[in-house]
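Okay, so chain A shows up in both of these, paired with chain B first and chain C after.
Let's turn to the complex of A and B:
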């Protein structure tokens, strides 16, 4: 299996929906991520954790999708937090000045504590 | 140079005197283990009484001088890092052969020659740097760690000629090693800094309790005086061309070890370390040559940098160069107190074993980290894997391999030398057919990011490029594709690499790339596709070390440059 192909997973922890992304997120698959997040907020999810621990890198198209999703969460009175943003992916968030825009936790456990 | 956060005293720091003295004493204790090699020489030469103690005392003086010269920071001599010295098994074979052929005079004369060889090699290192890229430097360090660990186990378990474990040795080494580990991991400050020294003292006490600390084995029957100026009565010099080759090969092997050790010392002091600094390596090799000449002139044995001490400085977080000078002073003083020579020469083997095994862990992991920081393809896997296996085989089948002619014995009789020689030669062979400049084309209508990523990944592994740099380059190339969209003539991509630079040039026909200096706001990014493209250009500017965009008519060339 090609490690760079995007895979999207979902699990629940109580009332929290954890969406895991793995691989590369660019303009060819960013819409898949956006579609999934839109579906979640549309179905009434109020607490979503986006785990980026297995993401290799993301391009500007992916950042745009995350910003759009963040706005969408706000409109639906829901909360979107990111976790496990490390290494090169974290560097990209910092370069883009986006660490301040999102709520980012070091680990999934830390993120879940926020919703406890 | 960025100071690693876990260092307590870095190379330029001057610790308080008490800490410096205890740190130096700790190094002295583990360096003294290697006095075993001049002691073997002295015993084979049938030296007894004062002559025996003279050789041991002068060998201690040699360790002091060697540590100071190796640690010096000057333009031509010294590595500039805390780099303690040790007597090495590399010279054991040639020295014992020289002893048989012409007595101690020939050993000392040829030892001086080995030092001259190292001094001659030092200025050429920069030109030879392609022979020792970072992944091979890491391999050399890992082999040294493995060798030290093997030696440590042998001493710890009391395995001599028969493969039997001595339970007294096992209990002493177990107590000593446990003390070192507990202090290093679960204590702070002083406990961590002096874990090996405390562990060795506990080991001495345990050895005395079970009756294996035996001073009489090295104490002359007539006893020793408290203070004595060592004499040079056993010293003489001669030369034999027949011995030149084995000593020259041993000198080259010692050179490789200095290069590995100094690289490791550099890395311990710099969390941004990516490759060896060759001025420091050359200074270290020249210093080692001078130290060997000194050891030959005072009637001692071939000396080398000491990987265990480098491992110790990493484990304790004390890498201050000042400690090297303190070690020099300590050994210079101890050389005049024969009782010190007796106590150090009688160090119980399980105490030696515990210290070697403990420090080996830090040397081994340091080497593995250096190697795995690089991308490795099948060629590099052959180079690293075969050479590592050759090093292990040299230890397992030592007796069989020592059947080679004397001139080849320093290579086949030593795991470090065989592993390194194998790595250097295989690396040269595997370079055949690896181009430093490669290109590909993404056809119009099929800007396949996956193919681009695979192309750059495979090429990075062929070049053994750093993983972190290659990740940035792959992101950069894909991000350019995102911003420029689907140019009518496709995109031509050319990638070139040398150890210091990675350059990617992307040519297409269309609109030039916008590389803004100002970061777009989240609002601008969300508002339209233009905002997203601005973010893309801005990320490219930030992630590459240099980015330029040139146009010529309808043709555009984006050049991404990454320092490697």
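Let's turn to the complex of A and C:
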């Protein structure tokens, strides 16, 4: 299996910060994602899209991070939305009963429209 | 016939990566299909992170054992640790969320492992926790080929 390393990328689309995750998110690296999201909200980002389109799989450690990040966004009057949650990654969200907990868009474009 | 490898880990989250990589290597060696391999990786991460976080209450370094067995009918993962008695299967499954309700962090991992695998077993034996994770899929032809 490839993609053993988690890659965290970041690009901008106007006032929106898009964080891209690629690879696997598990208990060995979920804190890296949390650290980056905390840094973003701490630096004043108000609109963050988390693109999970290149995620191979994630574990409950990742779900905990997303829940914490969602709370952090709320505390900072910011908005965090997810996009490109597909295939078995979506199955995992459904298994955890989490599809209704987060705002999830089918594509990055759809997510960006929310901030237009 | 079967192939078994043992991995000894210390009780830190970063060490879990060694078991993950070993399972990946076996996945490549035996041409395992992606879906069951991913399901095994998720379940392994859930159980090992529980062991690291809950089996020992002191700050000392401890070791535990992960045994990966590949056989013609699938993969078994056995985890042995000498920490305090901890039966992850005794934890209740998370309740279905009501509209507007937020899930509490934690408690989800073992629920996912049970859903993703064919069998999850726990026993306390000889002062150790022993968890077995089983995923069944056909590896017969590859196991036979690799034995030649």
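In the analysis below, the second predicted complex is superposed on the first by the 114 of 116 C-alpha atoms of A that agree within 3 Å, B and C clash if a C-alpha of one lies under 4 Å from a C-alpha of the other, contacts with A are read in each partner's own complex, and residues count from 1 in each chain.
Assume a contact is a pair of C-beta atoms (placed from the backbone, for glycine too) under 8 Å apart; a residue touches a chain by one contact, two chains touch by 3 or more.
Small disclaimer: the values here were computed from a predicted structure and weren't measured.
When both complexes are overlaid on chain A, the residue A:96 reaches chain B and chain C alike. Look at A:88: by the touch rule set out above, it reaches both chain B and chain C. By the touch criterion defined above, A:8 reaches neither chain B nor chain C. Across the two superposed structures, the residue set of chain A contacted by chain B and also by chain C is 4, 24, 26-28, 56-57, 59-61, 63-64, 67-68, 88, 92, 95-98, 101. Interface of chain C with chain A (complex): residues 13-14, 16-17, 20-21, 24, 27-28, 34-35, 37-38, 41-42, 45-46, 48-49, 52, 94, 96-97, 99, 102-103, 105-106, 108-109, 111-112, 115-116. Put simply, chain B touches chain A in their complex at residues 449-450, 453, 468, 471-472, 474-475, 478-479, 482-483, 519, 522, 525-526, 531-533, 535-536, 538-539, 542-543. Contacts from chain A toward chain B in the complex involve residues 2, 4-5, 24, 26-28, 56-57, 59-61, 63-64, 67-68, 71, 88, 91-92, 95-98, 101. Residue ranges on chain A touching chain C, taken from their complex, read 1, 4, 24, 26-28, 56-57, 59-61, 63-64, 67-68, 88, 92, 95-98, 100-101.
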